[in-house]
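Chain nomenclature is as follows: A, B, C, D and E, assigned in order of appearance, with residue numbering initiated at 1 for each chain independently.
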Amino acid sequence: MRELYARLKALYPLGELTEQRKNLAFVTVPAAHLRDTLLHLRDKEGFTHLVLLTAVDWLEEGQFQLTYLLNNRALACDLGLRVLIQRDTATMESIHDLWPTAATYQRELREMFGIDFPGSPRIEEEFILEGWNSIPPYRRDFDTLKYAQEAYAERPGRVTHDPETHMRLQMYPGQHPAGK
Amino acid sequence: MLDIFPPDRTQYPAKKADGTLDIDLTSGKYLKLWQGPNHPGITGNMSVELTVCGDEVVEGKTHVGYLHRGFEKLMERRTFIQVFPIVCRVCVPEPDFNEYCYAACVEELAGIEVPEMAKWIRAMILEMGRINSYMMYLGGQAGALGQGVIGQWTTYVRDLMLDRFEELTGARIYHMFILPGGVRDTLPDGFAGRMEETLCEVEKTLKDVYDVMFCNAVFKKRTVGMGVIDPSWLEPYGVTGPNARAAGVAKDVRKDSPYLIYDQLDFEPVTGQNSDIYTRADVRRRDVWVSVDLIRQILAKMPKSGAVMAPLPNVLHWQIPRGETYVRGECSRGEYGYYLVTDGSGYPRRINVRGPSYTHAMALLERMIVGCNISDVAALMVSLHTYPPEIER
Amino acid sequence: MSFKDVLSPFTAWKHLFHDPVSIRNPIGRAAAPRYRGFHQNDIEKCIGCGTCETICQNGAIDMVPVEGIQTKQGDSGLRPRIDYGRCCWCALCVDVCMTKSLNMSNIYTWVESDGDAFRFIPGVDKKPWDDAAHGYRRPDDHQLTGPTRLREHMPEMEPEERIGSFAEIVHGYNVEAAKLEADRCVSCGLCVATCPTHMAIPQYIKAIRDGDYDLGVALLYETNPFSSICGRVCTRKCESTCAARHEGDAIAIRWLKRHIMDQVSDEQIKKVVGQPAAPTGRKVAIVGAGPAGLTAAFDLAKKGHQVVVYEALDKPGGMTRFGIPEYRLPYDVIDRDVDVIRSVGVDIRCNVRIGQDITLERLKSDFDAVLIALGLQDGRGTRIPGSDQPMVRKAVDLLRRVTAGEDIGTPRQAVVIGGGNVAMDIARTLARLQKKQYGEVKVILTALEDLPHFLADADEIKESGEEGIIILDSRGPQQVVIENGQVTGLKTWKVKAIFDEQGRFAPTYDETDEQFHPGTMVVEAIGQMADTSLLGDALTEQLAWQRGRLQVDAGGRTSEAWLWSAGDMVRGPDVVSAVADGHRVAASIHAAITQGVQQ
Amino acid sequence: MDFDWMKIPYAFLTVFIVVNYGFLMGALIQKIGARAGRRHGIPIWQYYLDVIKNYGLRTSITHGVMFYLGPVFRLSGGVGLLLFMPVIYGSYMFSNFSFAGDLILALYFVFFGTLGMALGAGESGHPHAAIGVTRGLQQVSMAELPFAMAVFSVALQYQTLSITEIVAAQQGGMMNWTLFTNPIAVAAAMLAFLGSMMRPPFDVFIAPQEIPIGPPTEYHSSYLALMQTNRAIFPVAKIVIYMNLFFGGAGSWPELFVKVFFLYLFSAFVGVCFPRFRVEQSIRFFLVWAVPLGVLSIMVV
Amino acid sequence: MTTKPELMKRMVKGPDGLEFEVDPLRDYYCEAPPTVMPGAYIQIVEDFFNWARSKSLWILGFGTGCGAIEMRPLMTPRFDAYRFGVAWRPTPRQANLFIISGYLSTKTLKRAIRAYEQMQNPKYVIGLGSCTINGGMYWDSYNTIKKLDEYLPVDLYIAGCMPRPEALLAGFEEMKKIIRTGKAEGANQYAENFAWYKANQKRVIHDWDMPDYNW
């Protein structure tokens, strides 16, 4: 893994290598160099299997992390490429021509995170959701519980008691919480 | 570069400038046909929008999302232990891989070493689940072609296996047994004996299935040479598991990068050559034999006693340091994996479920369905062995 | 395609004459013994801690009050109600149940037309599966609430080391140990109601887990300005109601509190405590700088009132300083807490004895309100023959003298009467003095109670034993033996019973079992009482009394509108109760003196 | 030809017996099929209940006149088939309206119901129905071809177009059955029989996994009940033809019941064991196997 | 109501060259709202029908959620529901009993409503598992409904996640009892409270592109 990283590092401006396991590592790649890196890995290094493509929302940093996980079956090792993109613009180059199956992932990311991949097939079509009318649901600032409570009727009559408060009310009725 | 269907496309619609097909539904030449979601020939609750010209499919679009529950979102607002009961719901027929992959991810990031005994029990559960899943598949494959009796037999042995699951894990379908740190409990008394009986029944049924389903003129007629996945498609479309093995590539995570205790077991990945529906079915049938053998090996080799749970911190406020990892396993449909990102809090930052059906049922199916006869759509779909809940989660 | 392929399928018919494998009567078929079916709850065992509710990721569990179950110490009186419109039968609730009361039967059939019906309180609402013998029970070694049920070891001095000195015995947790101990807490909050001052225990334990000590200090000071002291000597009623004690040790709440205070510097504490509100111009006088008085002073000062505390002795702290030996509660710890209280503007005037240096009348006229928090500074006597001898001493008196640095004439051999913490304190103090002076420990402690019923902490008893003190339980003191005008020992009888059938205090003795315990000093440590002489006869006459104690309302106000009373003298001896009382009284005084402002 | 009015109540009696027999036998065959699948299967009276329930449904939706007429045609096809042939050989009561040329009429009726169904299902507008109809018609035409040839062969063999006479010619022991006298024709006819019994491998036009049950996909309530009634009559009627033509007819009701049962069982026997052919595969199958047999049988005769 | 392009009114040229107008919403759907259908006038006839209905439950083979996995064991040797008069039909037209097998995403709800409306009166609905009762483990999901009887009339709920086949069979027996006593009038209830159901449905189905009633 280290040698591979050294070889790659010579070609592309990569970030630090995070070795999670002896056969799994993650490295940050600038968005502009992603395509070249992927091509290099696929064609020269034997990382032919695109395991997954997904995103992580780092809301606090204002960034999306796209993770392209590649697998080299012969060496039985995986390399995850992290690409950080701006959260507010959220556009990334499509790689559906490298792996046709990536188009599906990109459709999902488009729908669930609102990340656009211009040129990816059927990217505009609804994928999983139907008639969605809120912010993309996988974004961290989307509150699913709040949405669910507003949108769907629940069976009424649920009420719960906090043991701490209940005990105080029962055992010291009428008494102000000390010092508060 | 990937075209293997007959080059004669004169009857097919031309492509428009943007690459989509030029289909004029009003011409009367084409018919739009939905298979699913309410359709017995669909694998679960999904649908395929077919455009047919005569009997031939000219375009197929997979539609999913009927089972979307937003798991990955729900997981982000549950603590690490609270995620454990919901992961298994991601895949209904073979839920244990979710439990295993999730548990393994958490253990890796939290630095927990799982006791030896737990690893063996986990492997056994995974193999039992694999048998179940294949049994569902065999019945489904025969059923998609109109042979109901196979499904009757295989579901029966699956039921027997579910009984074993029940006595071991305390549940029939969603076992919720493999939790981060190990497994819930040890084997019940006399489990190995009853397991052996069940395995014998599985073997007997497999022989029957072979006689009736695989040595069957009509079945062969329908499946041999049908729905071929070209070996050159495997990588671009991310084909894994039996679908890839039927194309002659011995892709098996259990062998490629052994997890749990698979390095201590003796087995060879099953492969086939023709990559058609028949071969895929046959690979799966033979894979059941492998699983049966593996369960026997596990029961014979596993330690007789030992802890099944590693000590966990108090799960009510369990925090895991920042990190990310990916753990995969070989489920009955191919590579199943969990990608877990933690941020040091008590909640996962992000969990991504990589179900094999994701690639198989979407890009690959849409590719393969073109040029297929409508009568074969169901069989083709089943032969890819896809479970929709893991596509949309 | 071969001929075989045409014939072979017909083997499908081989089952034609076999019996079908269907289950003849599937409805209600017994599930596996481990099956996770519907819930059962032993409501007698259940303490309503709500841990099941916390862990339920489906929000399926509500804690609801149940008729017939009273809220009491260590039992919230709530019971889980499960919504089967939410449950997923993952059994996490069973796995975390602190008392093992919640279980699952292996019954699984429940069919109902009414969707609202799928809510029930297991164990209360009668269900067919209540008595099912099988089902999921948590396996013994399957544990999700922390790797251990045992308390984190508290580092402390070894007996040989500690007996020779008055240095503090307990070292306190380091950060790692505190985190591990804090990790065991399930944050149920049962302890909060039990704590007299209702400290935010789960919250400050969480602050330890998160390493946020400033928050911890802030939480502590919300309810208790004596956290350093309470972190060492609190009677910790909270720990007796801890949910964790049902299957192991209670959480070391007291040590964790101490840990927070240990971690934060004085300056930081003062910063966290903050500055008092804008001056209101109201003045309050407080008599007695013990926990109750100073707590009230702290609260009132923070609200912007001008507070003056009068203390008869030379240092503030009251019984915490003069009643508790240094090895348990070092004096600098008291200084530290008092210092913080001073920092919010409380004026503590020591060596001012009311009645001598300044009169109560004067206070009444100079201040808007007067609070007396005198404490229980006099020891009770046994009144057995010979107890009027000068070498028969009261424990509190001795302790005060030791603290003041006076020589108490350490005896070579001493006998202590009493089984409470004060008895232990004086016995151990004497032991230390003996060790210093004579090099050996000769202290005998006799108590009415048998060992399991001692009022003292188990730790105290254990440590006393380690330090060479001989503890004799169930001994009733009968006579102080005096020879030649000198005390030579104590005669005791074996106790048959302490209480009579009505539960009144009326010890009976086995006279045949008489023992003599030699000693040149006999110390009585059987209780304390207040010295209220400063009130003066007229006022004493005016005030309402109840069983020898000042009668006060819920806010601590006496029958005289300008006078409040708080602390041990109205509540009995206990630091944290005194603190709680201080808060209450402060609130009452605040309400009373600001009433006029608003008018 | 003078008309005997008494034949009408007798015909009703025949239909009544056949309907009941059809229900019970259908369920019995189902149960036997279920046995191969290692289960008990439906209760023997299940079909009655289903029919009553379907008649008892409160709503029904029509898609047009032809939609309504479809089941009616189908039922009249079944009943007609039954009524224009001698059910019990030698019995006046149950010879119904058979006449000299009834073989041709019977052939026509076999097809009649299918056509009616095709029109009705087409009206329903459901694409699955349309696909089913196309497939069904293709396959039935192909399956009828060898049958027609076999019938032709038999007619040539016995030199008559009257079913009664064909049956008569087969009397006098099993060896006189066409089964043994003209086995090739019987083989061709039996393949055609498989093709028309809506069981695998020739059930692609109802294939629940592909075009959920094809033509009847839109049928429900009383329409469906009508069709179910027909499902009790029509196979029996059809089998009665086969029985009359190839298996010596039946001299009494019990004989008829037994023979029909076994013939019906034959289709189930094959059906359980095989998946279904695609429509062009089944056509090819008939062309390759059944039609040459039919031709051969004619040649032989 | 947003209308998809293929559902808009348009002129179409047929294969034979003739032009004609297509109004899919009118041509493809039947828009008449449902009406309350009384039972047979004579009580004994109705009772007889109810008896037959209870003995012949045709279930719509629509696996809407994970509970569908337990349908297979029901249809197969181990539990063999056929012997209790339960059968599966692949088309809603012929089915009487709709088993909502667990959670319903809004996308499936739309299809489920359509399937339900295509079934014939009387029709019954069984809600399977926690998710249909009060949301189950998807109580905080943005994509699943929580309370089934808000959108469809439900005759019976079966507790479990998921309910075992045995519990389902017990449910069928209970359903039969309900039908026999004539209390299973979900279809009429739907017709009576049609506006209420529609309003609830429309509140959660955002791309409502079909007529209100489209059997």
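Definition applied: a residue touches a chain if its C-beta (ideal position, glycine included) is under 8 Å from a C-beta of that chain, and two chains touch if they have at least 3 such contacts.
Here the structure is a predicted model, which is why all the values come from computation and not from measurement.
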For chain A and chain B, chains touching each: C, E
Central subunit by CA centre of mass proxy: B
Winner on C-beta contact pairs when C-D is weighed against B-D: B-D
Centroid-based (C-alpha) most distant chain relative to chain C: D
Chain A-chain D separation of Cα centroids, rounded to whole Å: 61
Gap in Å, rounded to a whole number, between the CA centres of chain C and chain B: 56
Computed distance of Cα centres, chain C from chain A, in Å: 48
Between chain B and chain E, centroid-to-centroid distance (C-alpha), Å: 29
Residues within chain C bordering two or more other chains: 9, 12, 20-22, 31, 57, 83, 85, 88-89, 115
Overlap residues in chain B, where contacts from two or more other chains coincide: 39-40, 65, 68, 70, 73-74, 77, 85-86, 149, 152-153, 156, 174, 212, 216-218, 221
Two or more partner chains touched - positions in chain E: 76-80, 83, 90, 107, 133-135, 137, 139-144, 147, 161, 164
Touching chain combinations (by label order): A-B, A-C, A-E, B-C, B-D, B-E, C-D, C-E, D-E
Residues on chain E engaged by chain D in the complex (per definition of touch): 28, 30, 37-40, 48-49, 52-53, 55-56, 58, 76-77, 80, 82-83, 85, 87, 90-91, 93-94, 96, 120-122, 187, 215
Complex interface listing, chain B residues touching chain A: 2, 19, 61, 64-65, 68, 70, 72-74, 76-77, 108, 235-238, 240, 251, 256-257, 323-326, 328, 335, 337, 339, 341, 349-350, 352, 354, 358-359, 362-364, 367, 392
Of all residues in chain C, those that touch chain D in their complex: 9-10, 12-13, 15-18, 20-22
Complex contact set, residues of chain D against chain B: 36-39, 127-128, 131, 200-201, 203-204, 207-212, 272-281
Chain C to chain A touching residues, read off their complex: 48-50, 53, 61-65, 71-72, 76-78, 83, 85, 115-116, 119, 188-190, 192-193, 197-198, 202, 222-224, 299, 554, 580, 583-584, 587
